[in-house]
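Each remark here refers to the structure printed beneath this line.
Labels run A, B, C, D and E following the written order; every chain starts at residue 1.
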Amino acid sequence: MLDGLPGGLTFTLTPDEWRAVALSLKVSVWATLVSLPFGVAVAYVLARYEFWGKQALNGLVHLPLILPPVVTGYILLMTFGRKGFVGGLLDQYLGIVLAFRWTGAALAAAVMAFPLMVRAIRLAIEAVDPKLEQAASTLGASRAWVFATVTLPLILPGVIAGAILAFAKAMGEFGATITFVSNIPGQTQTLPSAIYSFLQVPGGDAQAARLVLIAVAIALLALLLSEWIGRAVARRIAGS
Amino acid sequence: MLDGLPGGLTFTLTPDEWRAVALSLKVSVWATLVSLPFGVAVAYVLARYEFWGKQALNGLVHLPLILPPVVTGYILLMTFGRKGFVGGLLDQYLGIVLAFRWTGAALAAAVMAFPLMVRAIRLAIEAVDPKLEQAASTLGASRAWVFATVTLPLILPGVIAGAILAFAKAMGEFGATITFVSNIPGQTQTLPSAIYSFLQVPGGDAQAARLVLIAVAIALLALLLSEWIGRAVARRIAGS
Amino acid sequence: MSLTVRFAHRFGDFSLDVAFQAPAGVTALSGRSGSGKTSVINAVAGLIRPDAGRIQLGETVLFDAERRISVPVHRRRLGYVFQEGRLFPHLSVRQNLNYGRWFAPRSPGESFDHVVGMLGIDGLLERRPGGLSGGEKQRVAIGRALLANPRLLLMDEPLAALDEERKAEILPYLERLRGETDIPILYVSHSMAEVARLATTLVLMDKGQVIRSGPAHEVLSDPENVPALGIRAAGASLQAIVAAQAEDGLTRLEASAGPLFLPHVDASLGARLSIRILAQDVILSRTRPEGLSALNILPATVMAVRLGEGPGAIIQLRAGDDLLLARITRRSALALELAPGAACFAVLKSVAVAQSEVGGAG
Amino acid sequence: MSLTVRFAHRFGDFSLDVAFQAPAGVTALSGRSGSGKTSVINAVAGLIRPDAGRIQLGETVLFDAERRISVPVHRRRLGYVFQEGRLFPHLSVRQNLNYGRWFAPRSPGESFDHVVGMLGIDGLLERRPGGLSGGEKQRVAIGRALLANPRLLLMDEPLAALDEERKAEILPYLERLRGETDIPILYVSHSMAEVARLATTLVLMDKGQVIRSGPAHEVLSDPENVPALGIRAAGASLQAIVAAQAEDGLTRLEASAGPLFLPHVDASLGARLSIRILAQDVILSRTRPEGLSALNILPATVMAVRLGEGPGAIIQLRAGDDLLLARITRRSALALELAPGAACFAVLKSVAVAQSEVGGAG
Amino acid sequence: LAGDITIFAAASMKTALDEVVTAWNAETGNTAVVSYAGSSALARQIQGGAPADLFISAAVNWMDTLQQDGLIKPETRVDLLGNSIVLVAHGAGAAPVQIAPGFDLAGMLGENRLAMALVDSVPAGVYGKAALTSLGVWDAVEPKVAQADNVRAALALVAAGEAPLGIVYATDAAAEPGVSVVGTFPAGSHPAIIYPAAVMAETGKPDAEAFLIYLSGAKARAAFEGQGFQVLKK
């Protein structure tokens, strides 16, 4: 916490703001980590298989990118809300409630970030030489093992890139989140919601700017980390 | 135009809506095409060079992803608006006005889509075997020629993926656009802004849904096209 | 175990139509560049699915187009040394070598240390393939295939990138493998020296077809095949038994036609060896020559004389129970009046029979 | 034009420290796998920037660590045949072949059709490299380098993946290139037959060092180098003049020690040739042998006897003005009482001197 | 064209204002176009030099800000419309609720949420919070409030049944079949809900003022009242 910067900006956060920062981190990390396996799976299927309905799946994955976030938010609300079809089932059989919970915010962030993640990973998979995978299978590795021991390690830089894109997107996600899970301080109020709030009133700019800086700092840190990991992985592969 | 669908939905668009569709297309196509060379250049620099300030550039590129779109919109407004620093210069010396013009909408869309484009292209560049580039240089190709004759053709699938991501994002971009260039029908009202307008009033949902379908159809068409081109390019590279 | 291959396949303009039998031991595939050798191996490995035909290993049908059987690649238990290495770039050399072992049934198999030592890659184990030299990569690829404990070994020009010394270290290992196991080895090579030394069976390919196939010593010693094999590769094999190891480093063997002295052969007394004698290393004389540095002089009878198009001639001889080939000039053939039935002496230098052409009786 | 190479460089554990001179003609780099041959070529190409040293082609300094000069790779005007092909996957074979021409100054250079025909890749021109066989790729890579109209040709095991017949087609082309142009050719090869045939200069490497270098015929005929070259590669060169082309396909040459009969040599009468005779192809006799199929019997004098560790011995002979090497068993050396000064006869088969070892006098 | 004017208007006015604009265009042959967005965004754009001729805000504070900045012609500023906030419940035909000081809103919610617009920044939310505070129930309700980024989103939460109750503008509630109005907040419980309008200082369009006058005319009044707005007398 940096108090009293020259410009009169103060970095002392209110408890609500702290909660928003913590929540945004939690939501983004979970959104990224939980969607990662699905992202890898979908990217793999899109990169390596031809099947009926492939383009439909591809379109579906990209939908959140194309739709205005509010619309995505509404669709999530209609589907995963407690009265929604899937949401109802989840609630009834698994006791999982997403609406108005941070879990719902994570879902919204994950859905919005999914196309970015899938694209990055898919590109990485398409760049893997199938000849290496063939070599692994001649050595006895089944398809799953080939994936785990050859494909996955080779696409790691792409997976990291995808994850970091998703994380950044999740940190910035606002429209779908607030539409789906609303803005409940401490529960679903993420940084972007807080920033949006400040921007709605005259004179809130300075406070908004403060939160923006925090968001940017977090995301840049993550970005740096990912660059660093990516470089280390690439160096390992290139062979000292 | 499909009139009178069963659900009572009608696909006859009002002139304003037509204009929104046309404008969205124009904005997205321009945003994609004009930013593409920059995207390729930035991706190349990030993928292949180490320099002081590289991580700053990387962060800057990702910023629009991290920030709530509204914030990006305000930053654009303050920078490229007629009263903004860059906007003022552009107006004064080049006679280019971006604020509240479709060109501004294109700028906003391009800025928002830029991180996606750069990531995709960068991943593709990182997957190119530098040994092939070396081989080209031993044959007399300067760095620029190596890029044009070896690197670029090899990353084409990635460039296409990046462009299509950017186009889809541009088609769906809303927050930054409406904030930067407002929502003036026929001038800056894109499809997502029109959808937003309908969603803000009682009973506008059906009309909004109609526009959403149009937006989705356009973006999916572009997506299909890109898949198809990407496949053709990949097949050419694989050899007969 | 024996491998039966019969299939047809097309890519683009190229059509492949082959049938051959590869018994236990080394089956060499040879033929010009582009003749389809790699494609045959790929079909056996399951990396190409032929349009028609059947591939069977022992009792196991690996592929049958009619019955729509195709055993997945990873269940075929292969050791495949690819023409282009294909090492895993993200794994260390050690991990590359061990890769196949993760999946192979635990069984004695080859000893890691032994294979690594033989290939001279001890110093590279912790490196990644990226920085290895061409030959180092190739050696790691060989090791990886050998260590996978395979039921079928596919080797596509495994020694092409290696220096003679290294080859001389690896070849005896492959011979031992051939002798000790019953796994069929498909071995692509352009080097007739390698082929002659290793191959039990030889399959000659051209333009996607098998043009000759059969036991290596028959194919190699048939004067009719000289054009297909290339004149420098023609030769025949003598069967001989190790009789004594002399103090001066020579080994005396007994062939049916008489004694042979060779540079030290690492085999126990009484061992039966097959010794390949290249046609161009044989000098003929109608009388027993005296005072030559060549130690081996075998009485022989001319069986056939085949005059080539050039200045050379191939003479097939019988020496004891064995057949020999000699390549001499047509002028000498005429001067010495070599005709079927003529008695003569075959002179061979001890040192011309290099280590690489003495093999256990295949 | 001459290439001067002197530099030191380290990667990881491996350190390279070489100095040699490559005059116009072919400079063969030979040595065990991992000895640093590719690294040397890469440094000359500019793909590795050595830690120290200087590389100069004719008057042009390509690299000078002290003066901080390093000509960019693309200005070095190279034709580099990489050990691993490196064809451009997105371009057709024709486009690959023409790639270097886009950048080379317009000059007569090599004819496209001629190179393509010699390499036998006419049928592949519209294909993409993806589907080519190993040898086909290698041939396209050779063509691409030759057609770039280079001032310096770097060839890293260019023929390793090719069959003997194909090699026999490409080698004369390289010989012609060596004869007709003054561009230095750095040629990595494990095949002593290739080296002996092509090399004007020979550089032997081991563990990153140059262990021998000099004119090829000197290095090859020095008995001291036999261990380094490998016993099967040792040999020496005779200088001879084409004297007659006989009707039976033999060519008569006159060496200083007497006439030599070889299978048809494609050279005009009076041409001066260098003929490489492998040590293991020479048989010695104290008396002139009669009635042998071997046509070439040269009187010679023993200059030196070098007993190896094994059962062999290397005898250096003077035959006329030329030096010869013979590799025989130690037992024969003792039996024939070969000692310096002893007179003897060297017997060589005409056919043992294969086409590939007759070259224009380098 | 001199007759073409650009109106920046709060998004919630779209239905009614579109009607008025259509009528105006037909009557005058001029073209008026409306850019709808949130009041804050529009105000900031005007600060950034937007080519607006007329601004109709849903919040008084933003108009005040513009006035301080000298961006509007103060003499043209009018309080154009009024609105009220209501309590809505999910589904049609819900039982009315007596909204009075201390009414048991928290009890009615139980474990569920009360949907509102952002209570500190979006006007409808600010008014709602003020009303609940003056009625003395805010402290009990506050932990149960789900704040949406605008009234429409809050309404959607109630319509979808995700929140049983919500506080929205009367104008929005009237047109949504998925909810029923169960009570109206007394006008005194919150600051007056006013939509101020003004002509921009920098406009060169006389038609802007004409249009502003037209907005108070009979046709406009009918359109606004049709949507449930109160048209305020000058």
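One rule holds in what follows: a residue touches a chain if its C-beta (ideal position, glycine included) is under 8 Å from a C-beta of that chain, and two chains touch if they have at least 3 such contacts.
Predicted, not measured: the structure shown is a model, and the values here were computed from it.
Chains that touch both chain B and chain C are the following: A, D. Among the remaining chains, the Cα-based centre furthest from that of chain C is the centre of E. Computed from the mean C-alpha positions, the centre of chain D lies at a distance of 90 Å from the centre of chain E. Work out the mean CA point of chain A and of chain D, and you get 60 Å between them.
Centre-to-centre separation of chain B and chain D, using mean CA positions: 58 Å. In this assembly, the C-alpha centroid of chain B lies 34 Å from the C-alpha centroid of chain E. Contacts with at least two other chains are made by residues 70, 174-175, 196, 199, 240 of chain A. Annotation for chain C: residues touching 2 or more other chains are 11-12, 84, 127, 131-132. Here the chains touching each other pair up as A-B, A-C, A-E, B-D, B-E, C-D. Residue ranges of chain A in contact with chain B, taken from their complex: 55, 58-59, 62-63, 65-71, 115-116, 119-120, 122-124, 126-127, 157-158, 161, 165, 168-169, 171-172, 174-175, 192, 195-196, 199, 208, 212, 215-216, 219-220, 223-224, 227, 234. Residues of chain A that touch chain E in their complex: 70, 73-74, 77-78, 81-84, 99-100, 174-175, 178-179, 181-184, 188-189, 193, 196-204. Partner chain C is touched in their complex by these residues of chain A: 131-132, 134-143, 145-146, 149-150, 153-154, 236-240.
Chain C makes touch with chain A in their complex at residues 45-47, 72-80, 82, 84, 86, 88-91, 99-100, 102-104, 127-132, 144-145, 148, 154.
Considering their complex, residues 11-13, 30-34, 37-38, 83-84, 123, 127, 131, 133-136, 138-139, 156-157, 160-166, 190, 192, 230-233, 246, 248-250, 261, 263-264, 280-281, 283-287, 289-295, 310-312, 326-333, 336, 347, 349-352, 354 of chain D touch chain C.
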